[in-house]
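Below, subunit A partners subunit B and then partners subunit C, in two separate complexes.
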Partner chain A sequence: MLAARVLGVLGVLFVLSIIVFAMMYLAPGDIVKNLLGNRPANPDVVAAVREQYRLDDPVVVQYLTWLKGFVTGDFGESIRLQVPVAQAIGDRIAITAALCGLAFLVSVIVAVPLGVRSAVKAGGWVDRAGNALSILGLSAPTFAIGLVLLYLFAYYVPIFPVYGGGDGGLDTLRHLVLPAVTLALGLGAIIVKLTRTAMLRELESDYVTFARSRGLGERMVRRIALRNAAIPIVTGASLVLTFLVGGTVLAETTYALPGIGTLLQDSVLFKDIAVVQSLTLLVAVVIAVIALLADLAYLLLDPRVSRTLGARA
Partner chain B sequence: MSDIRIIGAAPATRRRRRVPVGVAIALGVLALVVLAAAFGNLLFDEAMRQDVLSSTLPPGSPAHPFGTDELGRDVLQMAVAGTASALVGPVVVAIGSMLLGVILGTLAGYEKGWLDTLIGRWTDLLLAVPVLLAAIVVSGVMGGGYWVTVALLVVLFSPSDIRIVRAGVLEQSARPYIEAAQMLSLSRWRVMFRHILPNVTSLVVTNMMLNVAFALVAFSSLSFLGVGVAPGTADWGRQLTDGRAIMFQNPAAVFLPALLIVVVAVCVNLVGDWIGQRLSQVGEEVR
Partner chain C sequence: MTVLLEGLTVIGPAGTMVEPVSAEIAPGATLALIGESGSGKTLTAKSIVGLLPRGFRATGSVTVAGQALPVERPGDDAAWRRARGRSVSLLLQDPFTSLTPVHRCGDQIAWTVEAAQGHRLPRGARRAAVEERLAEVNLPARVADAFPHELSGGMRQRVAIAAALASDPQLLIADEPTTALDASNQAEILDLLRRIQLERRLSVILISHDLGVVRGRTDQVLVMRGGQVVERGATAAVLAAPEHPYTRALIEADPVVAARSGARIAAEEAAPSEVEPLLVCEGVTKAFGVRTVLDQVDLAVAPGAIVGIVGESGSGKSTLARCIAGLEREDAGSIVLAGSALAPGRGSRTPDQMQIVFQDPYSSLNPMMSIGAILSEALGVAGRASSEVPGLLEMVGLPAEFARKRPAELSGGQRQRVAIARALAPEPRLLICDESVSALDVSVQADILALLARLREEIGIAILFISHDLAVVRMIADSVTVMWDGRVVESGPCHEVLEQPAHEYTRLLVAAATRENAVPVEGKD
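After this line comes the complex of A and B, so read on.
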C-alpha cells in the first residue's frame, strides 16, 4: 500500500513537472525575450540563454536538462532580482516557514479543543459560536481579515507592527504576530469543522455508549473518542495544506512580508518564469511529502492499519 | 446523564420545516445582491464619468456617503456596479464545475473499470494542486484575464464535484431500481442520466452552493493579488486592491467591498447548508 502510495505521488509530481516546464512555452511572447527579461538582448547573451536552456535541442532534451537542474538544486537565474533562484528562495524561505508554523500552531491549539467542545456539547452556545466563527472564517478571504486587523492595529492599538518582516529574531517574531493570526483564522475554521464532524461521529458510536454505561468518566471517554477522531482529522491535512499555501501568499502580500508568497506574486506579475517554475514545483514537492507523512501518521494513530501492513509485508 | 441527549437528536426535523430567521435574512440579502448585479451596470457609466480630478473624500459627505476612491469615483456606486463582475464569475465557476462533475462523476461511478481509474487519477492530480497557487501562476504567467480565470477555476474546482457525484452514483447503482432499469434494457445513458442522476441531485446542488462561496473568495483573492480582473473594471476585489493605497484617507474604499464579499459568502454558505439539510431530509423520507 505504501509503495503504491509513493509511486502515485511520484507520478503526480512527474505530470506536474511537465506542466510547469511547459509554462515556459505557454507564456505569451518570444521565449528568449521572456527568459532574458530586461537584460539587453545582444547576440552573445541570446546565444548564452539558448545554450543554457538548450533551446536548439529537441523538447525532450530541454525538459530533461531542466529537470536535472531542478533536482540538483540549480534552479536557474531570476531575471527580476539578478540572482540565482535558489538564493532568492533561500533568503525568504525562513520567514514563510516561521509564518506557516506559527499560524498552524495557533490554529491547532485553539481549534481542536473548540471542535471537541462543540461536538461534546452539540447545540450549546460554544457550538453555535464556534459554528458561526467557522462559517465566517471560511467565508472571509484571508486578505479581508488581514486588512481589518491591519487597520485596527495601525490606527487604534499600535502594539504590533503591520508592515514588513523586521530585523530578525524577536523583532521578526513581533512582525509575524498579525500575519500569523490572520492566517490562523481561516485555518482554524477548517480545523474546527473537521474536528467537530469527526468527534460527533465518534461520540455516536457504540463503544462510547458502552464506555459511558461502564461508568467511565466523561474526560476519559473524550480522550478515547478524540484518539479515534484523530484519523479523519489528519486525513483533512491536505485540505489544510492547500489552504495554507494560498493563504500565505495573501497574508504576506497584505503585510508586505518578504517571504516566498510575495516572491511568487512579484515574480508572476514580472513574468520571472524561472522563479515561478521553481516555486510551483517546490510547493508541489512539499505538499506531496507532507501528505505522505500524514499517511504515515495513520500508522501511529491506528494500530489496525499497521497490523494489516505488517501482515502483508 | 445530560451528555446522552446528543445521541438521539431526532425530533429536530419537525422544527426545520419553517425557514430559519438566519436563512431568510440570507436569502433576502442574496436577492438584493442579484438585483444589484442585474442592474448595477446602469450605474457604472455614471460612476466612471465622474470628475476624475477631484481628490479622495472621506466617508460621510452628503453627496458620497462612503466617500470617493483614488480617482474621485463614488465608492458606493462603484461597489454596486462591481456586483456583476464579482458574482458572475463565481456562479459560472460553480455551474461549470458542477456540469463537469456530473458528467465525469456519473461516468466514473456507473461505468467503473478503466474510465473510473482514469478519472480517479485525474481528480487525485488536481486535488494535489492548491487552487489559489495554480490560478495565480497560470493566469499570471499567461496573462489570462477574466474568462481564462473562470475556465481555470472550473477545472480546479471540479474534483470535489466529481468525487461527490461518483460516490452518490456508486451508492445508487447498487439499488434494485437500477437493476430493474437494466433489465428493461434501457440504454446506459438513459439509466445514468434519467434514473440515477435525479437521485444524487441533493448532493450536487449543495456542493454547488458551497462552491459559489469558495469561488467568490478565490476570485476576490486573485483580484487582490493583481491577477484576473483588468485594472479599471468595476469589481469588488479590484476595488479593494486599489483602495489599499488610500486606506487611511478613506477606509470605506477598502472595507465596503471587503464587507460585501464576506457578507455574500456567508449568506451563500448559510443558504447552501440549509438547502443541503432540506434535501437530505426529503431523501430520507422517500426511503
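After this line comes the complex of A and C, so read on.
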C-alpha cells in the first residue's frame, strides 16, 4: 500500500512538473523576452538564451533538460536577482521554515489542549471562548489578522518589531513571533475544531465508560481518549499544514520578512520565470511529502492498520 | 460484605425513569435484572457506578460491604474514585467497543490494577499482575501483548472481565455480557463468570433481556418493565410460576422456552414437495482477498417455503444472502431463480425477484423521509401507484395513519414492519431476512416472526430466514441449513436437524438453543 502511495505521489509530481514547465510558454508575451527580463535584447544575448533553454530543440527535449536540472539542483538563473535560483531560495528558506515551524508549534501547543478542554467541559466558558476564537481564526483573512496584530503589538504596544527578519538568533525569533501567531490562528482554529469533535466522539464511547467504571482517574481516561482521537487529529492536522504554505506568502508580505513567500511574490510580479517555476514545484514536493508523512503517521497510530499490513507483507 | 440497594431511583429530564428499586445481594450471590429495552435496567446499573448520562440523577442508597456509594452525587469524581473499581465495576455488553482499540490488552488490565493501588507499578510487577489476571480468565500470557482486534469476540470479553475484576471489586454489574457474542461463546463466558464469582465470593448483578442467560445461573430475579419492578423472587420460582402477566408473556415469547416445548409460530413444516424449487444455488464460492468466505455452497428454496440459514458471525451466511440478492458478486457457482440463471451482481436483477430485510431498522430507513414516502418510493420502483401505501401498511399490521410518521416516531418493531412492507412493495417472489429480528426484544421478535409466517400463508411468498439463533429459526422455518466457516455442514427439515443433529457444530447450536449443558468447542480461539 505504501509503495503504491509513493508511486502515486511521484505520478502527481510528474504531471505537475509538466504544467509548471508549460508556464514558460503560457506566460503572456514573447518567450525570449520573458526569459531576458530587462536585459538589452541584442542578437547575441537572444542566441545565448535560445541556446541556454534549448528553445530550438523539440519541446520534449526542452522539458527533459529542464527536469534534469531541477532534479540535480540546477534551477537556472534568476533574471531579477542575477544569481542562481538555488542560491536565491537557499538564502531565504531558513526564515520561512522557521516561520512555518514556529506557527505549527504554537498552533498545536495551544489548540490541542484547548480542543480537549472544550470537549471535556462542552458548553463551558472555555468551550465557548475557544469556539469564538476558532470562528475568528477560520474566517478572518491572514493579512487582516496580520495588520491588526501589527497595529496592536508593534504600534500601540510596541513590544514586537514592525518588519524585517532580524539579525539572527533571538532577535530573529522576536521578529517571527507576530507573523507566526498570525499564521497559527488560522491553523489552530482548524486543529481546535478537529480535536474537539474527535474528543467528544471518543469520550462518548464504551471504552471510556468502562474505564471510568473500573476506577481509572479522569486524567488517565482523557489520555486514553486522546490517544484514540489522535488518529483523526494527526491525519487532519497534517493535511491542513498545507494551509501554511499559502498563508506564509501573505504573512511574509505583511511583515516584510525576506522569506520564500516574498521571493515568490516579487518573482511573479517581475515575471522571473525560473524562480516561479522552481518555487511552485518545490511547494508541490513539500505538500506531497507532508501528505505522505500523514499516511505514515496513520500507520503508526492505528495498530489495526499496521498489523494488517504486516500480515499481508 | 453484603450489597444493599435501598430505594434506588433514577430521575431523568422528563421525570422518574426508574421507580425505587430495593434488593439485597449476599456475597457470591447473583441478582438478575431482566426486562426489554427501555425497562430501566441499564439506567439502574449506571446509577450504581455513578455514570448516568447528562441530565439524569439518582436518589436512594447503595451500600457495598457497609460502605455507602455516593449514588446521589454522579458528578463528584473525588467521591467516586474511591468507590469505582474497588467497590463496584461495570462490565459492558460489547467487547468490541469496551476495550480501546489502540492500546494493548495487558495495558488495559494494568490500568485497573494501578488505579486501585493508587500508583504506577514497576515493569516486572505490572507484567506479573497482568499475567495473573489473564490466567484467572483462562487466557495465555501472550494475550497481554495483543491488541483487541487480534482476538476473537469471546477472548475480548474475557480480557474485559479480567480488566473489570483487576481492582478486586465486591460487586460486579454485568450489563448483557454475552448478548454480542456467538452461541458457542455465550455459555463459556457465563460459566467463567460464575466460577470466578464463587471463587472470589463476588456479588453480581446480571442484566439481561434473555431468560435463558438468567436460568440456572442467578439466585434472585427482578423483572422490570417501564421503569418498575413488576415481579421479584427466587429465579427458579419466578421462572417456574410467574405471577405477573408480563413475566408470563416474556417467558412464553422466549424462543428457548418455545424450543423446549416444541412450540412453533409458523404452521407445521410442509412436506417436501415435488414442485420445482424457486431458488437453487449450486457451488456458490466467494473470497475476499485470500480469505474464502463461501466454499461451494448449495441451497434450494421451494416456492412458499421458509428456509432458515443458521451460523455464527463469519460463517458466510450474510455473504450468501448478499450474493443471492446481487449485492455481492460470487466468484463461482450458479444462482437460479424460477428456472432462469442470475448473473453475478445487481445489473441483471429486477425488484420483483427478491427483496432483502436487514437487521437494523434504525439504520435501514431514511430518517428524513416519512413512512408514506419510503413506501411510495419502493412502490414507484416497481411501477405501482402510491395509493397502495395503506394496503401495504395493513398487510404488515400497521394503521394507515403511519404513512405520515417518520421513522424516529416508531418503535423498533414498528420500524421493522415498515422495512418488511417496503420489501414487499415490488411483490417479490423471495424475501431474504438477514438477522431481521436479532435487534428486537423477545416479545417484539415473536410478533415479527408471526407476521412473516402469516405473510407466507396469505401471499405464498418464499422466505430465506438468516439468523445466528437456532431457537428463533426453528420457530418459523420448514427446513434449515447450518453454515460454518463458509461451508454448509448440515441441512434438512427443521425437526430432523434439531432432533438428530449429525454434525458436531450443529449439536453445539442445538444445545445452546435449548440451554442444555453446552459443550465448549475446542480450539476455536
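Annotations for the structure displayed:
In this section, the second predicted complex is superposed on the first by the 310 of 313 C-alpha atoms of A that agree within 3 Å, B and C clash if a C-alpha of one lies under 4 Å from a C-alpha of the other, contacts with A are read in each partner's own complex, and residues count from 1 in each chain.
The rule we apply is simple: contacts are C-beta pairs under 8 Å (C-beta built on N, C-alpha and C of every residue); 3 or more make two chains touch, one makes a residue touch a chain.
Because the structure is predicted, anything quoted here is derived from the model rather than measured.
Once the two complexes are laid over each other on the shared chain, residue contacts for A:Asp30 go to neither subunit B nor subunit C.
Within the superposed three-chain model, A:Pro303 lies in touch with subunit C and out of touch with subunit B [touch as defined at top]. In the superposed pair of complexes, A:Leu264 makes contact with subunit B only, with no contact to subunit C. Contact with neither subunit B nor subunit C is seen for A:Asp171 once the two complexes are overlaid on the shared chain.
In the superposition on chain A, A:Thr209 contacts both subunit B and subunit C. Applying the stated contact rule after C-alpha superposition, one finds that A:Val276 touches subunit B and leaves subunit C untouched.
With both complexes placed on chain A, subunit A has more residues touched by B than by the other of subunit B and subunit C.
Contacts of A:Leu16 after superposition: subunit B is touched, whereas subunit C is not reached. In the superposition on chain A, A:Glu218 contacts both subunit B and subunit C.
When the shared chain is aligned, no partner comes close enough to touch A:Glu51: not subunit B, not subunit C. Applying the stated touch rule to the two superposed structures, the overlap between the subunit B and subunit C interfaces on subunit A comprises residues 209, 212, 218. Taken together, the subunit A residues at the contact with subunit C in this complex read 205-207, 209-218, 220, 224, 227-228, 231, 301-304, 307. On the subunit A side of its complex with subunit B, the touching residues are 8, 11-12, 15-16, 23, 26-28, 120-123, 135-136, 138-144, 147-148, 151, 154-155, 200, 203-204, 209, 212, 218, 238, 241-243, 245-247, 249-250, 253, 264-265, 268-269, 271, 273, 276, 280, 283-284, 287-288, 291.
Across the interface of their complex, subunit A is touched by residues 49, 51, 77, 81, 83-86, 88-92, 94, 97-103, 111-112, 115-116, 147, 149-150, 160, 163-164, 166-167 of subunit C. Against subunit A, in their complex, subunit B makes its touches with residues 3-4, 6-7, 9, 121, 124-125, 127-133, 136-137, 140-143, 213, 217, 220-221, 224-227, 240, 244, 247-248, 251, 254-255, 258, 261-262, 265-266, 268-270.
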